[in-house]
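As written, the chain order gives the labels A, B, C and D, with residue 1 at the start of each chain.
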Amino acid sequence: MSEIIRVTVWGEYLHERQDEKVRAIYPQGMHTTIAEGIREYLGESVVVRTATLEQPEHGLTEDVLASTDVLTWWGHIGHHLVADEIVDRVHDRVLSGMGLVVLHSGHWSKLFTRLMGTTCSLRWRDDDREVVWTINPGHPIARGVPPVFIIPEQEMYGEYFDIPQPDELVFLSSFRGGEVFRSGCCFVRGQGRIFYFSPGHETYPVYYQPEVRRIIANAVQWVYAPPAPRYATSTCIHSPLGWFEQEA
Amino acid sequence: MSEIIRVTVWGEYLHERQDEKVRAIYPQGMHTTIAEGIREYLGESVVVRTATLEQPEHGLTEDVLASTDVLTWWGHIGHHLVADEIVDRVHDRVLSGMGLVVLHSGHWSKLFTRLMGTTCSLRWRDDDREVVWTINPGHPIARGVPPVFIIPEQEMYGEYFDIPQPDELVFLSSFRGGEVFRSGCCFVRGQGRIFYFSPGHETYPVYYQPEVRRIIANAVQWVYAPPAPRYATSTCIHSPLGWFEQEA
Amino acid sequence: MSEIIRVTVWGEYLHERQDEKVRAIYPQGMHTTIAEGIREYLGESVVVRTATLEQPEHGLTEDVLASTDVLTWWGHIGHHLVADEIVDRVHDRVLSGMGLVVLHSGHWSKLFTRLMGTTCSLRWRDDDREVVWTINPGHPIARGVPPVFIIPEQEMYGEYFDIPQPDELVFLSSFRGGEVFRSGCCFVRGQGRIFYFSPGHETYPVYYQPEVRRIIANAVQWVYAPPAPRYATSTCIHSPLGWFEQEA
Amino acid sequence: MSEIIRVTVWGEYLHERQDEKVRAIYPQGMHTTIAEGIREYLGESVVVRTATLEQPEHGLTEDVLASTDVLTWWGHIGHHLVADEIVDRVHDRVLSGMGLVVLHSGHWSKLFTRLMGTTCSLRWRDDDREVVWTINPGHPIARGVPPVFIIPEQEMYGEYFDIPQPDELVFLSSFRGGEVFRSGCCFVRGQGRIFYFSPGHETYPVYYQPEVRRIIANAVQWVYAPPAPRYATSTCIHSPLGWFEQEA
């Protein structure tokens, strides 16, 4: 795996411009901080660029997606502002093999709910403390991550989280209020690998924390797949008797 | 589990009226034959009615769905004729706990692809023989089903089948052409249980075959859940500190 | 499923005779209380008997096992006293389709670790409070169980819990100390279904609590399978070309 | 992942010395051919050595295992000759994070059945043709592998295969006789990743075939994890209140 991974970090970039408290933490936008974290851990094995909601086509043109191996997604108050045709396009790229890392409130994006087929709703509350537990210590996304770590200030995300059972569950979180959450979830959809990671509220400096950065960097590597032919399309394939013996 | 299960068998009911060959096999429509099979195996533990595409609201009114515990779905050439609002309604009912059995070409229905989040496309060919293997012999859907049985005439459905990894895989099939297929797949989405079973092409009398009838009847029982409060809604739930201790 | 389920509740029955505090809570032994709870919820759909360590063959003779559909297992300080040949026998019965419900410290029994293939070790501490969350609300074992409930006094069992990823995860727990635990786990091994449920320390009256009783009763129904022919044996099966077509 | 992976290819090495037909195909032993295939595809990113049954401690001393990141296992007629203490040792290393690739008749080894907890028995017949289908095309083990390929001469391995449901299923196979088989299965046990791949009978030159070599090489990469602290041991860990906050 010596390929260079081409990452696009997508940020809604609304809170940071509307809310002084958020801007104080992420003056260049959360997407910039997330991109820095990925570069910090993956160095020359990645090239990272960013894209945001207000750009033409939300910065996710055909060209950008065609040259993106891994997309990360953070959105919240602007989910409904993402154009359906862009969601179609990104959804199609994920099924074709582009890796996807969905962060925090991205659980409720059009993209993630379409990939999951469920509501992806959950419980929430501001002002808590999150304790993150590694429950799949041999998983590549857990490499270098301690058995348990604390995020001192976090929004509570609690069960019931309305997602399909993850293909692999890597992290569980608990909160002061006694809630639990499946905070690190792996899914495979089509040829695409997806990692959902719940830490990351906009009013706390979560994306500066080393353990969080490492997990996101590990996830970028885990969801990555080298470009490959598309298996499944929107057309079913008629296959005459003996087709594969003739092809072989 | 002595509750009576209220089943609605949905049939597209187009082939049977347009194609003499199909009508000869299923003069009352495939849905009628499927409903008979369920009654044959489940007797007084079910009440079974049918609904079809051409009925108002495709026969799937709010009232019908509210009194349906398990829905079975067969569609093919009319997938695009199913109104989006009815798909929304059924999708919502599945997430709320209604069981769903999707049959054969229903893999490509709006409903199933929305629940899966993938294309659900596959390979196909007419005129083959299907051998069905039980690979999860302790599963309730395999009760009374032999380790292997033959469907003498069947359409070939082959891999790659673009679905999420099933939560449980119960049957695999092979065909004369050497193809294989995940023919019996269990999924959980929200509070709803879903079973996809691939046998059942309209030009062969598959839904009269005892093993197929037993599997569908077993599936009706497996996807069934007694009506229960809805957990997840389209709204995330704000949960103040201590909320559940006060409720308890 | 109108069959009567034949349940054997196995209890180590050492703490209750050695420790006054435990005897005060479970004067007839935990196994008796667990059996009562199953009868309370399942009534005439079960016949429940008990077996204990000190009986000949630990009460698990060939005859007893042959007439047991579901076995529940509670053990702790006497794991090493269970004879290997009895473990072999029970293991074989589970693979043949007998349901198994493993409770609390049974996680470390010879039987459970052999079925899992891992150490099944975990973290623990006395004197905590357990909050149990339903994360798979459509699962049969969650029927009638609230979204969250509290066990006022419990031993803490925390991650990392060294088990294979469960086939289905139904409950998660949190503790005052901030720990989390996969407290309700479903596994399929051979033709047998297994449910592990962690609540139940001997020094607290956990097996009198209604939610706990209901979960164990639901689990008895879920792991149950009617007696059926054995698929896999300790011998691989030579199968000449055409074997299944001749059999069919 | 620029680490060099230290691979040990374990071979029973009995057939090749006892049976002229096998020796003609694998004059240096299957282990040598398998090792060559791994080197061919992974080049300088691996160092590969071999070990065989007749060596002291079967070539799997504490030192060898401590410096092995990935072990591959082929055995058949000598399963019973593998000493239990060596099985214990290897089992422990897998749970500690050593990757394991089990090949063909290794399904019935002491090591694999202990890790699985089931009989791992199956159906078999000589003299067939295997068609291997990729059903998880985005999986790292499927990289560069075509959607379908043919192994011209192979032993038939057919369902029912008595294994736990794999964590991920990558390949399915069919045979002329109509049988199907889960031929490429991923498991996680403890911190260790395991891939079972069924092609490879000793009387056919399967381990020279490019697709088979690529899959085994991909599997070596997938099961690999850099050395890391052991999470779970044979002792449960007492964890006083606040333990992780003090450690952090």
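General observations
By definition in this document, a contact is a pair of C-beta atoms (placed from the backbone, for glycine too) under 8 Å apart; a residue touches a chain by one contact, two chains touch by 3 or more.
This is a predicted model, so every value here is computed, not measured.
Chains making contact with chain C as well as with chain D: A, B. Centroid distances from chain D, each centroid being the mean of CA atoms, peak for B. With each centre defined as the average position of its C-alpha atoms, the distance from chain A to chain D rounds to 32 Å. Between chain B and chain D the centroid-to-centroid distance comes to 37 Å (mean Cα coordinates, whole Å). Within chain A, the positions touching two or more other chains are listed as 131, 136-137, 147, 158, 160, 165, 167-168, 178-179, 188, 190, 231, 244-245. Contacts from chain C toward chain A in the complex involve residues 131, 133-137, 147, 158-161, 165, 168-169, 172-174, 178-180, 182. Of all the residues in chain C, the ones that touch chain D in their complex are 95, 108, 114-119, 121-125, 128, 156, 158, 160, 162, 164-165, 167, 176-179, 187-190, 231-245.
Within the complex formed with chain A, the chain D residues making contact are 1-2, 97, 131, 136-140, 143, 147-150, 167-168, 188, 190-193, 221, 225-226, 228, 231, 244-245, 248.
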